[in-house]
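After this come two complexes, each holding chain A, first together with chain B and then together with chain C.
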Partner chain A sequence: MRGLWRAHRWTVASGALLGLSGALLAVWGNPVNTGICISCFLENAAGALGLHGNPRMQYIRPELLGFFLGSAAAAVLAREFRARARGPGLHLLGLGFLMAVGSAVFIGCPVKAMLRLAGGDLTAVAGAVGLVAGVRLGIALLGRGELGLGGPERPAPVLVPAGVVVAVAVLAGLAFVPGALIESRTGGGAQHAPAAVSLVAGLVLGAACQRTRFCITGAVRDAFLLRAAAPAAAVVAVVAAAVLVNAFTGSFSVGYYDQPGAHLQWAWSALGMGLVGLVAVIAGGCPFRQIIRAGEGDLDAATVCVGMVLGAALVQSWGLGGTTAGVPPAGRVAVLLGLAGVLGLALTRKERIA
Partner chain B sequence: MRTRWLCLAAAAVLALAGCVGTRPPARVDVPPAVRTVDAHILYTDTTWKGDVRVVRPLIVTRTATLTILPGTRVFFDLPDLPAGAKPEPWLLVQGRLVATGTPEAPITFTSVSLRQNELEDMIEIRGAKEAHLRYCVFERGPWGLHIHDADVDVRSSVFRNSYGGVRFQGGRISLRGNRFEDNRIGIRCLNGAPVIEENAFVGNLTGIFFRQGVAGAVVRHNNFDDVEYDLKLGEAQTDDVDAESNWWAAAAKGGLADRIYDGADSEGLGRVRTDPVLAAPWGSEPKR
Partner chain C sequence: MAIRDRWLAVAVAACLAWAGVEARGLVGARPGRPDPCAGRPAPAAEVEDAFLGVRTALAAGRRERALFDLRRRAEHGPFPGYAEFWLGELAYEEGAYPAAVRHYRAAVDREPAVYDRGAAFGAGKVVAGRLEALRSGPWARNPPPEVRDLYYLQRRIAGGCE
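After this line comes the complex of A and B, so read on.
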C-alpha cells in the first residue's frame, strides 16, 4: 500500500499545483471560483473565434492554450510525442459534445467542481457526487465490454498533431495582439488574469500534468478499480491547495445560497456531472486530460476537444447551459438525451454481443 | 371671465415650466480635459484624480486597490444597455476601494446620461477586501452602490436623483451621516444586519426597504421625510425591526403609520417598532 502512495506522489503534487493555480488565477482576475474551468474556457474560446454570439463569453483564455502547448513541449522533451489514433472520429466528436453539455448544465467542468467546493460552494457537492456516480457507471459499462469503443491504437502521420501544435501556438500569439480576436467587454469573458500570467500558469500546469497523467475522473476511476484511496489523493490535493489559497486571500465562503456561478437545482447538477463522469471514462479522461492528451499527439483526444469546442458553441447558441437562475428546459432535455444515448448504445451493443 | 382664463393659462404654463425646469437634463457635459479610462481590468494599485471618464465596465481585481482622491469627478459614460442584455456593474470592485473626499472637495460619481433604471449599478462591491467611502456624491444613475458579502463603510455621502442609493446583501454594512434624496429607494437590504445611523431620507419614494432576512439591524437617529414609505418590509421579512429614536416628518403630522409598511398592513410580516420617536430632527439639537 505504501508503494501505491509513493507511485502517486507526483500526481498528488500536480493536483496541488492545479488547485493552487486555479485559486490564484481567480485572485488575479479570472471569475470567482473559475480560475480554471475547461468547459467555461472553451465557451469563451468558441466566442472569441466567432462560433457563438454571446458577447459576455468571448475571450481566448491563454491558460487553455498553455495547457496544450505545455503538454506538447513536455511530451516532446520526454520523447513521448506520438501521433496516434484509435477510435472512429464521429463518436469522439459526440463524446466531446456531451462533456460540454454536462459541464454547462452543472456550470463547470470537473476541475471547476473541485474549485467550487474549495471556495465553500456547497451546491457543488451534488455535482461531485454525480461525477463519482457517473465514473462508477462508466467503469461498470466498460468492464462488461459494453462500451469498449475503438480498436487497438494505430500510428498516425506526425504532421497532423504537429500542425495542430503550430496552429495553437499561432493562436496563443494572436491572444496578445489587441483586436485580433473577439473579446468580451462585459461579463465573465471580460474577467481575466493578465494574459502573460495565464499563459505561464497554463504552460507549467500542462507540462506537469502531462508528466504525471493527472486527471480528475481518472483518479476517481483508479480509486474504484484499485479499491484504494491513494489515487484519489490527487483530487483531494486540488481541493486542499485551493482551500488554503482561498482561506489566505479571504475568498473562502461556505454556504449553499448566493454562491457565484452556481444554481440550486442539485438534481440537474448531479445529472450533468454524472454525464461528464460517464463520458469521461469512455473517452479516457476528463476535459482537462483530453487537452493534455491532445498535446501529446493523441488524435482521439484532439477529436474529443473539437467536439467540446463545438459543444461549447452550441451550448451558448442554443441556451443549454445552467445559470444562477437554474437549468433551462433545453439543457435538461440535452442531459437526459445524452444519458439515454450513451446507455442506449451500451444496451444495443450488449444485445449484439449476446 | 377672460381674465380668469388668462390667469389659468398662465398658471398652467408656469406649472409646465416648473416641471421641465426641475427635471434633470438628459445628459450632462463632460469637461474637455477629462481623462478617459479605456482599460477594463485594473490589476495593480491605481489612483484617480481630477476628471475621469469611464466608458466601459471596469473591474478592480483582488490584487488591486483603487484610490480616488478628494475633488475627483467620475463621469460614467457607458453605451446604453441593449434590450434584453444582462446588466453589468459600471465599476466592479473585488479588491479594495478607498474613496475619501472632504467636505470642501467631495468625490462625485455622475452618470452622463440620465439612467435611473433598477437593473444597473454604478459601483458593485462584491466579496471585496474592504471599501471606504466618505463625502461622495452619487447622482443621475441606477443604483449608486451594490454590495455583496463585503465589509463596507459609507459616511457623509449623498445619493440623489437616482433609481436607488445603496442595496446590499450580507457583509458588515455601516451607513452613517449620509443623505438619500429624491431616489425611488434610498436603501434596500436582503439578509443582513446593517448599521444605519444619522442619515437623512428626503423625497424618496421609499426610504428604507428591508426585503427579507434582516435581523439585528440598527436604525436610529435618522431623519425621514419620504413620499410613499419611510420604512417598508418585504413580503418575506418576518423579523421585527427596531427603529427607535428616529425623527419622522410624518409623525409630526400624525400619519406615521401610513409611512410604515409592516405587519400592521400585511399579516405575517414583522413589525417596525418606532417608539420612542425623536421630537425634532436629529442634528437640530445639541447631541447629548
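After this line comes the complex of A and C, so read on.
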C-alpha cells in the first residue's frame, strides 16, 4: 500500500499545482471559480475563432494553448512524443462533442467542478457526485469491451501532430497580437489574467501533467479499479490547494444560492457531469487529459479535442449550456440523448472481458 | 462487473422517453442562438447621457414624468435594460421590493451587460447592495416568490463563466 502512495506522489503534486494555479488565475483576472476550465475555455476559443456569435464568450485563452504546447515540449524532451492513433475518427469526434455538452450543462469541466467546490460552491457537490457515478458506470460498460478506441494502436505520420503543434503555437502568438482574433469586451470572455502569466501557467501545468499523467476522471477510475484511496489523492490535492489559496485571498465563500457561474438544478448538474465521467472513461481521459494527450502526439485525443471545440461552438449557437438561470430544454434533451447514445452503443457490444 | 443487456435496454429506453418529455419544452421556446447585439455593452457615458432627462426630472421631484419616460423606454428603447434598472430603483425606494426585484431581473434579461463591471450608473454594484440588504433584512424571514429572482441576480452579478 505504501508503494501505491509513493507511485502517486508526483501525480498528487501536479494536482496541487493545478489547484494552486486555478485559484491564483482567478485572483489574477480569470472569472471567479474559473481559473481553469477546459470547457469554458474552449467555448471562449470557439468564439474567438468566429465559430459562434455570443459576444460575451470570445477570447483565446493562452492557458489552453499552454497546456497543449507544454505537454508537447515535455513529451519531446522525454522522448515520448509519438504520433499514434487507434479509434474511428467520427466516433471520437462524437465523444468530444458529448463531453462539451455535459460540461456546459453543469457549467464547467471536471477541473472546474473541483475549483467550484474549493470556492465553497455547494451546487458543485451534485456535479462531483454525478462525475463519480459516471466514471463508475463507464467502468461497468468497459466490461462489455472497447467502446471508444477500437483496434490496436498504430503509428501515424509524425507530420500530422507536428503540424498541429505548429498551428497551436501560431495561435498562441496571435493571442498576443491585439485585434488578430475576436475578443469580448464584456462578460466572462473579457475577464482574464495577463496573457503572459496565463501562457506560462499553461506551459508549466501542461508539462507537469504530461509527466505525471494527471487526470481527474482517471484518478477516480483508478481508485475504483485498485480499490484504494491513493489514486484519488490527486483530486483531493486539487481541491485542498485551491481552498488554501481561496482562504488566503478571501475568495472562499460557502453557499448554495448565490454562487457565481452556477445554477440550482442539481439533478441536471449531476446528469451533465455523469455524462462527462462516462464518456471520459471510454475516451481515456477527462477534457484536460485529452489536451495533454493530444500534445504527446495522440491523434485520437486530438480528434476528441476537435469534437470538444465543435461541441463548445454548438453549445453556444444552439443554447445547449446551463446558465445561472438554469438548464434550457435543449441542453436537457442533448444530455439525455447523449446518455442514451452511449448506453445504446454499449448495448450493441456483445464482447465481454469481465 | 458487466451490466446485463436488459438493464442497459431499460436505461436507454428511459433516457429516450425522458428526452421526449423534455423536448416538449422546445416547442415555442426562444431560439437558443444568442442575439449577437444583446451582449454588446453600450458605452457608459452614452447611456448616462440618454438618461439625463429622467435623472433631472427625478431630482426636480417630477416623479410621474420620470416614470412615464422610463416605461416608454423600457418598451421601445433605447437602452431598455437600463430603463428597467431605474424602474427597479424607483420601486425599491417606495418599498415595493418584489416589483423592484422583477425590474432588476428584467433589466439583465433585456440587456445582458447591464450589471457588468464598467456599465453605466455602476448598476451592478448598486443592485448587489440592494439584494444583499433585502436578503439579510426584509426578506430574511418569509421571503416572497421573487426571492428566486434575487438568488438568480446574485449568482449573475457574482460573475463566473457563463
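Note that in this section the second predicted complex is superposed on the first by the 347 of 354 C-alpha atoms of A that agree within 3 Å, B and C clash if a C-alpha of one lies under 4 Å from a C-alpha of the other, contacts with A are read in each partner's own complex, and residues count from 1 in each chain.
Note that in this section a residue touches a chain if its C-beta (ideal position, glycine included) is under 8 Å from a C-beta of that chain, and two chains touch if they have at least 3 such contacts.
What you see is a predicted model; the values in this text were computed from it and never measured.
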Which term applies to chain B and chain C once both are placed on chain A by superposition, clash or fit? clash
So, A:V32: does it touch chain B (first), chain C (second), both, or neither? both
Once chain A of both complexes is superposed, is A:G261 in touch with chain B (first), chain C (second), both, or neither? second
Tell me the contact category for A:L337 with respect to chain B and chain C: first, second, both or neither. second
In the overlay, answer first, second, both or neither for which of chain B and chain C A:P194 touches. first
Hey, is it chain B or chain C that touches more of chain A? C
First (chain B), second (chain C), both or neither: which does A:R56 touch? both
Touch check for A:A325: first (chain B), second (chain C), both, or neither? second
Quick one: classify A:T186 as touching chain B (first), chain C (second), both or neither. both
Once chain A of both complexes is superposed, is A:T249 in touch with chain B (first), chain C (second), both, or neither? first
Looking at chain B, which part out of 44-52, 62-70, 98-106 or 188-196 clashes with chain C after superposition? 188-196
Residue by residue on chain A, keep only those touching chain B in one complex and chain C in the other, then list them. 32, 55-56, 185-187, 190-191, 258, 260
With touch defined as at the start, can you tell me which chain A residues reach chain C in the complex? 31-34, 37, 40, 53-57, 107-108, 112, 140-141, 143-144, 184-188, 190-191, 257-264, 316-320, 323-325, 328-330, 332-333, 336-337, 339-340, 343-344, 346-347, 352, 354
Could you please specify the touching residues of chain C with respect to chain A in the complex? 1-3, 5, 8-9, 11-12, 15-16, 18-19, 22-26, 29, 31-34, 36, 39-41, 112-113, 116-119, 151-152, 154-156, 158-162
Chain A touches which residues of chain B in the complex? 40-41, 43, 56-57, 59, 61-63, 85-86, 88, 94, 127, 129, 148-149, 169-170
Touching chain B in the complex: which residues of chain A? 26-29, 32, 55-56, 185-187, 190-194, 249-251, 253, 258, 260
